[in-house]
Structures are given as C-alpha cells and as structure tokens.
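Look for chain A in each of the two complexes below; its partner is chain B in the first and chain C in the second.
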Partner chain A sequence: MALLAGLAVLVCSPAVILVSGCIMDGDELRLYLSPVLLENRTSFASWSLLPQTPSLRSVVELLLDSPEFFHMFWNSIAITGGILLGQLLVGAPAAWGFARYRFPLRGPLFTLYLILMLMPFQVTMLSSYLALDRMRLNDTLWAVILPGAFSTFPVFIMYRFFRAIPEAIIESARLDARNAFQIFWHIGVPLGSAGIVSALVLGFLESWNLIEQPMAFLKNKTLWPLSLYLPNIGLSDAGPAFAGAVLTLAPAFLVFLSGRDHLEQGIVASAVKE
Partner chain B sequence: MGNQHMRHYRAHRPAPQPAREKPKASLSRRAIRYMGGFLLLMALFTLLSRAADGLTIPQVALAYPSKGTIDRTMTGFGKVEELSAQAVTTEPGLRVAGIGVKPGAVVEQGAPLFTLDAADLEDKLAQAREMLQRLDMDLQDRASRESLSAQDQARALQRANEDYAAAKSSGDKEVERAAKTLNEAKAKLNAAAPPAGELSALEAACAQTAEKLRLAEEELTRLQNELEEKVAQARKEAEEAQEDPDQREAQVREEYQPRLDEAGLQADAARQEKASADNALAAYTEASTQLQLLRDSVDAAQQNYDRAVESRENALRSASRQVEDAQRPQAQDSSGKKAELDREHQAQQVARLEALVKDGGVVRAPCSGTVTGVSLTVGMPTPDGTALLLAGEANGGVFTAQFPVELEKYLSPGDEAVIKLGSGRPPIEGLRLETVTVSPTDSGLLDVTVRPPEGVLAIGTAAELEVRRKSEEYPCRVPLSALHEDNGVYFLLVTQEKAGLLGTELTASRRDVTVLEKNETMAAIQQGDLDWGQGFLAASAKPVNTGDRIRLEVP
Partner chain C sequence: MKRRVKRGEWAGALFLLPSLGGVLVFVLVPFVDVIRRSFANAITEEWVGLKNYGDVLANPAFRLACWNTLRFSAVCLPALLGISLVIGVILQKKTKLGDGVKTAFLFPMAIPVASVVLVWRVLFEKQGLLNGLLNSWGLSTVEWMDSPTAFWVLVGSYLWKNLGYDVVLWMAGLSSISNAIYEAARIDGAGEWTIFRRITLPCLLPTLFTVSVLSLLNSFKVFREAYLVAGDYPHRSMYLLQHLFNNWFRDLSFDRMAAGAVLTAMVILCLIGLLRKGFDRE
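And now, the complex of A and B:
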C-alpha cells in the first residue's frame, strides 16, 4: 500500500508541479529554472511545491494577454472534433463490418489494419505527405484531421465490442425486416456504445496531444494546435507556459473523467489481441 | 357548514407523498457539464483576450513622403542703430589748436570740426619733406649699387669663361704631346721585342745541352772507372798468373781506349754545344736589357700622358667651377621695394600735411551728420586713430537683430525678412538681409542687419526680425513627428508584415534614413531611403517601438 502510494505520488508529481508553477511568481520561477534554461548550465533545477510568493499574474497574462493561446486552443478543438467525428463516421461502420460480416479477404484486411495500427508516424509520414500534397491538402487542418479520422486503432477497439453482441439479437432484428443500416444503427450502436465511447476517449487523448503531424503538415502558424503553443520555453515565458500547460491539461482530464468507465473497458478490450 | 366540509376533507384527503429525492449526477455526467462550462469559459476568455489585445495594440496612421521645401522661419530681437558712424582721422602727433564741435552737434559736410596748430604743422611738414628727401637719396644709392653689382657679375662671368677656354686649350696641347711621345715609345718597343717564346727555346736548349754534357761526362767517368777496375783486376790476375801486370794493364787500356776516346769526343761535343747554347742565351739576355730600357721609356711616357690628362681635367674643373660661381644668381633682396613703399608712404604723408597747411590746419566734416564722439584735447597732439566720430542721418539707420550662432548656416544676405513692431503696428515687409556676422561682443550670437525704409523707424526702435528662408525643393519630406532618433541615427517606423499565430500581423519596423535638412515641423530625407510607395507611421495614440504590433487606422 505504501509502495502504491509512493508510486502514485511520483506519477502525480508532474501535474502538481504544473499547478504550483502556474501560481508562482516570475522571479521565483527564474530562481528555480535558471540553472536549466540558461545557456551556461551550472547546476540542476530546484523546485518548491508551495510557492513563496504566490501570484496569479501568469494566469492573468495567459487569459487576457495571449489571444494566440486561445486561437491555438480552438484549432485543437477543431482538429480533435474533426478527428473524432471522422472516426465515428468511418471507424464505427468499419468495425461493425469486420465484427458482424464475413466477406472475402476479411482476415488479411483486418491484419493489414493491425499492421497499420502498429506502425509509428515516422514510417508513414512521407507517404502521407505526398498523398496530402497531391490532394492539395497540405497546410490545411484536413491534413491532420483526415489521417486521424481514418485511424485504425478505434476500429480495433469498437470491433471487440461489436463482436460481443449476441448473434441472436441480430437475427431477431433481421426477422423484423430490418435492413443492415437499421440493425447497425438501432442495435449495434446502442449495444456497442461502450466501445464507441472508449474509442472516442482514447482518440481524444491522442489527437489532443498531436505534435508530429501538425509540425510536419502545417507550415501556417495560424493553424497550429495547442500542443505547439510554446515550442521554445525561456525564462521570460515560463509562467505563462505553466498556466498554459494546466489549461491544456484540463480538457483531457475532464474527458477522461467523463469516459473513465468506458475507457477501462476499452483498455481491457484492446489488450486482448485476436 | 364550511367547517364540516373542511373536517370531512381533512379526514378523507389522501396522505401526502414523500418528496422524491433527485438522483445524484454521476462523475461522468458532471465531468461533461464541467467540460461544457470549461469550453464556455474559454470562449469568454477568447473574446476578452482579443478585446484586450485590440486595446493594447496601438492604432497608427500611415503617411507618405511629400515633395516640397523645408521653409524655416527664424526670429530675433534687435533695434535700429545709426546708419553710419564715420570716424574722422587726421595725422597723429599734431597739436590741436582748437575744437569747434561738441558731441551731439549736427554738422554739414565740409564744416570745420577742429583746427591744428599752424607752426607745429609747418614743422611736421618740413620734417616729413626731409624724410622724403632722404628716402629718395637712399633709393638712388641703392639703384647705383645694384647697377655696379650687375656689371661686376657680368665681368666675372666673362673672365671665368675665358679662363676656361684657355685651360682647355693648354690642357689639350699637353695631352696631345704626351700621347705622341707615348706612341713613339710603344712603337720602338714593339719593333725591338723578340718573338715570343725565344727565351724559352734558348733556355730549353741550354738545359738540353747541359744534360747531354752531363750524360757524356758521366759516361766518360764511368768508362774511366771501369777501366781502372779492369786494370786493377787485370793486374791482379796477372800477378796471380805471374804475368806482367803492366803488359796486362796496357792490354786493358788498349781495349778501352777507343771507347774512352769516343766518350771523350762525345763529351767534348756536348761541351761545345752547351757553350753555344750558353752563348746564345747570353746574347739574348743582353738584348733583353735593351728591351727593358725601351719598356721603361714606354712607362715613363705613359706616366707623362696620365699626368697630362689629369692636369687638364683639374684645370678644366677649376675653370668650370669659376664659371658656375660667376653664373650663380644673386639672392633676392626686397629692401629696394620696401624703400620704395616707405618713400610712397612718406610722400602721402607729405601730401596730407601740405593739404592741411593749405587749408590753414582746419579739419572738416567728410559728411553731414551728428558728432557722437570727440577724442581730442586742445593743446595735446592728435591721437593715432579716431579723432572724432560722426554719425549718419538722424532717422533711418540700420536694424540689427541678434540670432543664435547655430542658425548661421540658415541665414545669408539676401534672405527675405520682416520687421514686426507689435503694438498693433503693421509689420515692415519686403526687406532683405544685408549682413550676417558673428557679434564682436558675444561669439554665441550673430548680428544680422537689414535696412528699413528711410523715415519709418527712429534710431533706437526695438522690434522683432523674422527671417523666412526657403530651401531647395526636396522630393522626400516627412513630418518631424514621424522621425525618431537613436544614438545620432534618424529612423522612421514602417510597417512590416509578419506571419504570426493569429495570422498576418503588422509590426513596426525600423528604417534608417539620412536627414538632409529639417525645420520645426518637417524633415527632408534622402531619396531612396524609403521604397517606392512605402508609407511610414505618422501618428499614433500610443507610443510605438520597433517590433511592436500595430493596427492601421481605416481612413
């Protein structure tokens, strides 16, 4: 128990440091961070969980004097929302198809989905760039949304839940002269909502923290998401950086809380490989 | 009746239902509500931050360079002074007999001002004339001396040339004679010189004959020794054989005799040959002695020739130096000119004194005006300088105003000027600057004069002088308010587009310019400092620095 508590404290310490940093005075932040952020590094950084001179100046500066932060926030909302909507519209039917139907090359196709899911971004970056460039989508938000919307990971999550629906329910729906879409919409989606929600939660957490795709496909700074807000943090903007990090963390935290139950189910489902 | 109904109602009314408790919202539902609230808050702060950003970003007006002049209006204060203050002078050192005017007196031109003592005047005149005469005599003496000096120099040059010619002629003759003698001695020597190699041949012959003789004598000696040995041996053998040794000796001797004779003859022949060779060598040696004498004579002739050449060169050098000395120009002597100038000056003084004497020693006013100062005392000699000051007309005069010396480059004679009098009086326009000079009393000020129309301003009137100066037309002028300065470098703020997180932003960028001229409101900059059609930040409600984000005012 003590070990678990200690590990929990260790895991939570970065978040605690973030919160304490955003209410810390600028001079105090410079005092703690200058050994790390100055060019001539002489020692290690230090920290104090309780600020000696608490100040909301960094928060106020971020909320009222940094319109670019909010611009990037709404860019992140747009990107994340687009990706999740795309995953819902594309991934859910794909997962239903893999789960409930038998068609030629189903197996190899699903295997291909798994392989694509396992590939890191760097492997597909060049091919994605070339394809997006051919479609004239580079330097637009669609360059980040479309590859995320057609991601294979949510298909895999939802597939497991759609597979768990009893065949009898489907049969009875067929007997009721329901067509395939109606069966999917009225039976598959409600009964597989847990998987859908868990896929959406995981998708949110992934797309909210995208860095490589925006850096690779978005040259126009007006399209950058929040994850690229402060790529170079110096001593002068350490306070707003901490405040911005806390605000960036908040939506992900709230989404996690809202979908925690379904998320646990989704993690269990993703752990079982077929 | 009502109470019965109420009692009946209360007895039969249904029991009140317990209040249903609201189900507590789950954590996920609350998180969704919080998420909604968070997004609303973010939307609100988005608006607030943009509003604050809009308030903090200075709104600027863009202006463009214009063509025109840099007019400058400068003002200075001054007053009207007398037009002319003429100094009346006379010869210094003359005793003043009487002064006919006082300061403030108005005189006409030609009126007597003061009188000089006649006797003193005569005396000074006589002295001046004597001095003039002395100077004349000095000049005559100088002229005579210069003439004689010139003649002497010419004569010296002529003599030097003659000496040079004589030295050259004599030297040439000596050299020619010595050369002739040398050539004769060389000819004799060449004629008497034996063929080359004869001496060596004779010596070789002597050596050869001597060697031959030696060999012959050695052979003879050897034969003799051999003979003696043979004789001794024969005698011995004879004695041993108990024969007659003398006979045996005679036999041996008889055997060797031909050989001895032959060796003797060879020796004699070699001896004769050697003697002949020695005689020939001796004869050659004797001939060589004669030859040596000829060589000595050639050497002597050569030395005579060299001496003759050297002697000629020395003589010529000496003579040429004398010629150069005779041709050397004389040093410049300006004492003659000075003497002439002194004489002229003295002559002028005599003329002035004569004029004074002719006028009875009276000094008169050169022009009409007012006496402003008298530097004379009756009975005392006149000063070396101003004796009396005479001012010009009572009205008119010249207006002199003072300006800071830094404005000297903007003020020049001929510039347009206006005298402003104030007190409701109309200004005097159409004036032109006459002089612009540094004030003699204060080097930080300029004295600028204009001449107002006669009869308009009284002497001593104070007023303001406004000078308007138009510069050349400049193609590129900017308002002075738009010009900034940093460590002596002037610059304008121009707009620069920069891609930012909120899109294309305008920022203020520094553009260094060269200021050609400026006044209080405008500045002319060098053409080309700004790009064609480029504007600059003219006015802003808030201070703008380089790199600040800006917004342009919509016209």
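And now, the complex of A and C:
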C-alpha cells in the first residue's frame, strides 16, 4: 500500500511540475531550463518544486500580452460547450429510446452504435471530412462540434443508467403522463441524472482535449482550440508556456474534482455489456 | 421486458431519430462513399479494383506503422491490464488512503495532453531533467526521443494516462463477485492465493474482455502525445498508423486513406467479434 501511495504521488508529479513552473519567476525558470534552450550545452536542466520567489508574473504576462490565448480559450469553450449540448439534446433521448423501448431494428441499431463507439478517429476521419466538405462546414467550429455531438459514446453511458430505472416506476407514470415524451422528461431525466452527468464529465475531458479533429478539419489557425494551440508556445517562452498549460489544465481539474464520483460511474458504464 | 402495443414501440424509434440522423449524415453515408473511393482512383475516380489496397499493403510506411502499432498494443495492453489488476485488487479493501490513491491514478485523465507535453519536453530533452538525473547518478545519458527509447516513452505515457480508468473497471468487476463464494472457499480451507487463482480470476473473465477492448481503443489516443511531442515524423520506432493517416490526409492521398480506413475498420470489427464471443461465455 505504501508503495502504491508512492506510485500515486509519481503519477501526479507532472501536474506538480506544471504548477511550480507556472508560479516561478521568469528568470528563475530560464536559469533552470537554459541547458535545454541553448545549443551545445553540456550541463543539464534542473528544477525546483518550490520557487525561490513565487510570482504570478507569467500568468499576467500571458493574459496581457497574448490576445490569441483568450481567443483560443474561447474556441475551446465554444467547441466543448457545443459538443456537450449536442450530446445532451441528441444523445439522451437516443439512450432513453434504446433503454426503454423495443422497436423494430433495435438490436441491429444497438450493435451499430456499439461498433461506432469503438471505432478510432482514423477510421471515420476521411468520411467525416467528406461529409463536412459537402456541407461546406470545414474550417468552421461546426466541423469539430457536429461530429462530436453525434458521438455514440455518451449514448452508451446514459443507456446503462436509464436501463437501471425499475419498470414499475415507469408503468405507474404511464397512468398520469399524457405522452411518451413526458415520461422521459419527468421520470427518465431526473432518475437518470447521474448517468447524464457521468456522460457529461467524460465528454468534457474528451472534448477539452481534442487534437486530431481540429487538426484535420480546421486549417484556419484562429479557430484552433487551446489543446492544439498551446504546444506552439515553445519552451523558449517558458513562462507563458507553463502559465498556459496550467490555465488549460484548470477547467479540467475543476470538472475532475467536482465530478470524480460521476467520472468513476461513467467509466464503469462504458464497460460494453447488454 | 413486457410486450407493449405497436404504437408505443414506435415512440422509442422517435427518441432515437435525431441521433440516428446525425450518425447517418456524418458517419454512415460518407463511409459508404469511402468504401467506393477505396476502389477508385483519387483524381479521375475511375474504378481500379484492388489497386489501392495493393498499394497500401506494399507501402513500407504502412508496414512500419502497422508493425509499430501492433508492437505497441502487444506491449502496452498486457502491461496495463496486469498492473491495473494488481492495483485494483490492493485497493479493493476500502480505506481512506486507498480512495485517495484511486483518485490520484484517475487524475492523469483530466490533464490535457497539450499541458503535459510541456513536462514531457522538459523531462526527455537531451539536456533535460531525466538525463540530468541519470548523469548525477554517474550513468550515461539517453537520447530519449531520438532513439528506440522513444517507443518506451510512449508506452510509459500510455500507462500513465490509462491506469486509473482500468483500475476502476477492474474494481467494478471485483465488487460484482459475491462474498458468499469467497466465504465458502475459506471454510473449505483454501489459501488466499488459491482463492485468487481459482475464484477471482475466472470470475473476472468477462471484465477482462471489456477492459482489453476499451484499453485497445484508448491506445489509439496516444497519437496525441506522440504528435505534440515529436510532430509529423517522429523517430521511426514510434511512427504509428495514426501518423500515417495524418500524413496521407495532408498529402490528399484519399485513395490510400480510404483503403487504409476500410482495412482498419475490418480489423476492429474482427476484434469486436472476439469480444462478443467473450461475452457469450459469460
């Protein structure tokens, strides 16, 4: 167990390095990293987890001097928000349909969704590109949002939770409700809310982190999200680079902290079973 | 489930409709087009039969990428599955510390790749932190990203990112084994190791299939780290199928890409078939 705790600390250490780099003074940072930055050095980079003079200068510098950072931050928010909203509006009803009804072709369609969930991006990359091209959506944020919104992954997560609602509750609701949508809205959504949140937490971590999709569908760099833009701030600009890395990490960290239990439930629900 | 009237059944289809529409428009219909293109010339769109498939299979870059991707999965999956199972078993006895440890292992899932590549650079540069550490211990330094060790850096980064996910999956599998079986075995005088081997492992078989398929799929995402650290053409030991697809895409070789996508889809379909068979044993 002690060994495991040690390993756990090691696993979290990259984040500690990022944060210490972020609150480090620019000169101190350059001093530590100079062997990496300058050619033909024989010494090695060093590090200190406790900066001598902690300051938030790098953060201020990044926020004041690089308007593109704000821009990319906004792009990331727009992409992530758009994808999550789409997954909610489209994915939740689909999951409800799969979980509570037996309509014709349900089995084959369910298998199809399962297969699509398991396909890596590279398989669907060209087909998505062709579809987006035909709709003239390439080089707009929609090119990243729409395929993400129709991902079948959140459907599966929510399916597991909707499925777990006892049939008796729904039967009794059927007596009061006027139509099928009301049952979904008044019974399904509240009772399956844990599943919806789980899907959203997993969806956030994924959409905040998109690399392949914007790289393929967005030629115009002003549309790039942080996940793709950030690595362009080289180590020579170490202060802003570390500040940017921490500011990108921060929203994901908050979602992780507040949604940890839902994240776990979501992971368990992703275990494909019928 | 209870049989319902016909009208009610169609309501289910209505719930699915918006989602299915999007899937059709963005994935399925264009994928049919991709299949057509895989048999056609990229520019003239003439039918060329299996030529594209032949080109792809004969392409040295494709072979290298396939070999690396296979090797990557063959090394990573057993390592990840094994390590996460051990951690899962240890963490099963619920303690406060154990809960914190589990959270720590999940944390890398939340760290954006774009943030962590910065750490990777500082660590693995020729004059970077790791070499500094090796040097201070009197060991010779390593060209981490410009030698076959690049492959192992990628393996490490995959394990780092996915351990938590798999630990959670294993623990869910472990908690579904009923305590009664364990107690019965203990009464019969079975040792802990025998119980693990004869009860825990066989009961985890269905979980094993799930964990391996999900881990395999997550393994495709290491491209993010690989790409952001080393760019379009990394050291050849970590040139993956994903790099190749990316480069084909940039060069607009849509014919090869189409054939490659169909081939990859077929391999993955076979793997899913395997998974299904695994569930049938359940």
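The rule we apply is simple: the second predicted complex is superposed on the first by the 241 of 274 C-alpha atoms of A that agree within 3 Å, B and C clash if a C-alpha of one lies under 4 Å from a C-alpha of the other, contacts with A are read in each partner's own complex, and residues count from 1 in each chain.
Note that in this section a residue touches a chain if its C-beta (ideal position, glycine included) is under 8 Å from a C-beta of that chain, and two chains touch if they have at least 3 such contacts.
All figures in this text were calculated on a predicted structure; none of them were measured in a lab.
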item	value
Three-chain arrangement built on chain A, chain B and chain C clash or fit	fit
Residue contacts on chain A - larger count, chain B or chain C	C
Partner chain(s) touched by A:224 [first = chain B, second = chain C, both, neither]	first
Partner chain(s) touched by A:70 [first = chain B, second = chain C, both, neither]	first
Which of chain B and chain C A:260 touches, first, second, both or neither	both
Angle at the Cα centre of chain A, taken between the Cα centres of chain B and chain C once the superposition is applied, in steps of 10 degrees	90
Partner chain in contact with A:121 - chain B first, chain C second, else both or neither	second
Gap in Å between nearest CA atoms once chain C and chain B share a frame through chain A	14
Contact residues of chain A, present in both the chain B and the chain C interface	255, 260
Partner chain C, residues of chain A touching it in the complex	1, 4-5, 8-9, 11-12, 14-15, 17-18, 21, 33, 35-36, 41-47, 89-91, 93-94, 96-98, 100-104, 106, 109, 112-116, 118-132, 146-147, 149-150, 152, 155, 167, 180, 184, 205, 208-209, 211-212, 215-216, 226-231, 235, 241-242, 245-246, 248-249, 252-253, 255-256, 260, 263-264, 267-268, 270-274
Chain A to chain B touching residues, read off their complex	63-74, 77, 220-222, 224, 247, 250-251, 254-255, 257-261
Chain C to chain A touching residues, read off their complex	1-2, 4, 8-16, 18-20, 22-23, 25-27, 29-31, 33-34, 37, 87, 90-91, 95, 97-98, 100-101, 103-119, 121-122, 125, 127-129, 131-132, 135, 160, 163, 165, 168-169, 172, 206-207, 210-211, 213-214, 217, 220-221, 223-224, 227-228, 241-242, 245-246, 249, 254, 257-258, 260-261, 264-265, 268-269, 272, 275, 279
Contacting residues of chain B [partner chain A, same complex]	27-32, 34-35, 38-39, 42, 45-46, 48-50, 52-53, 56, 499-503
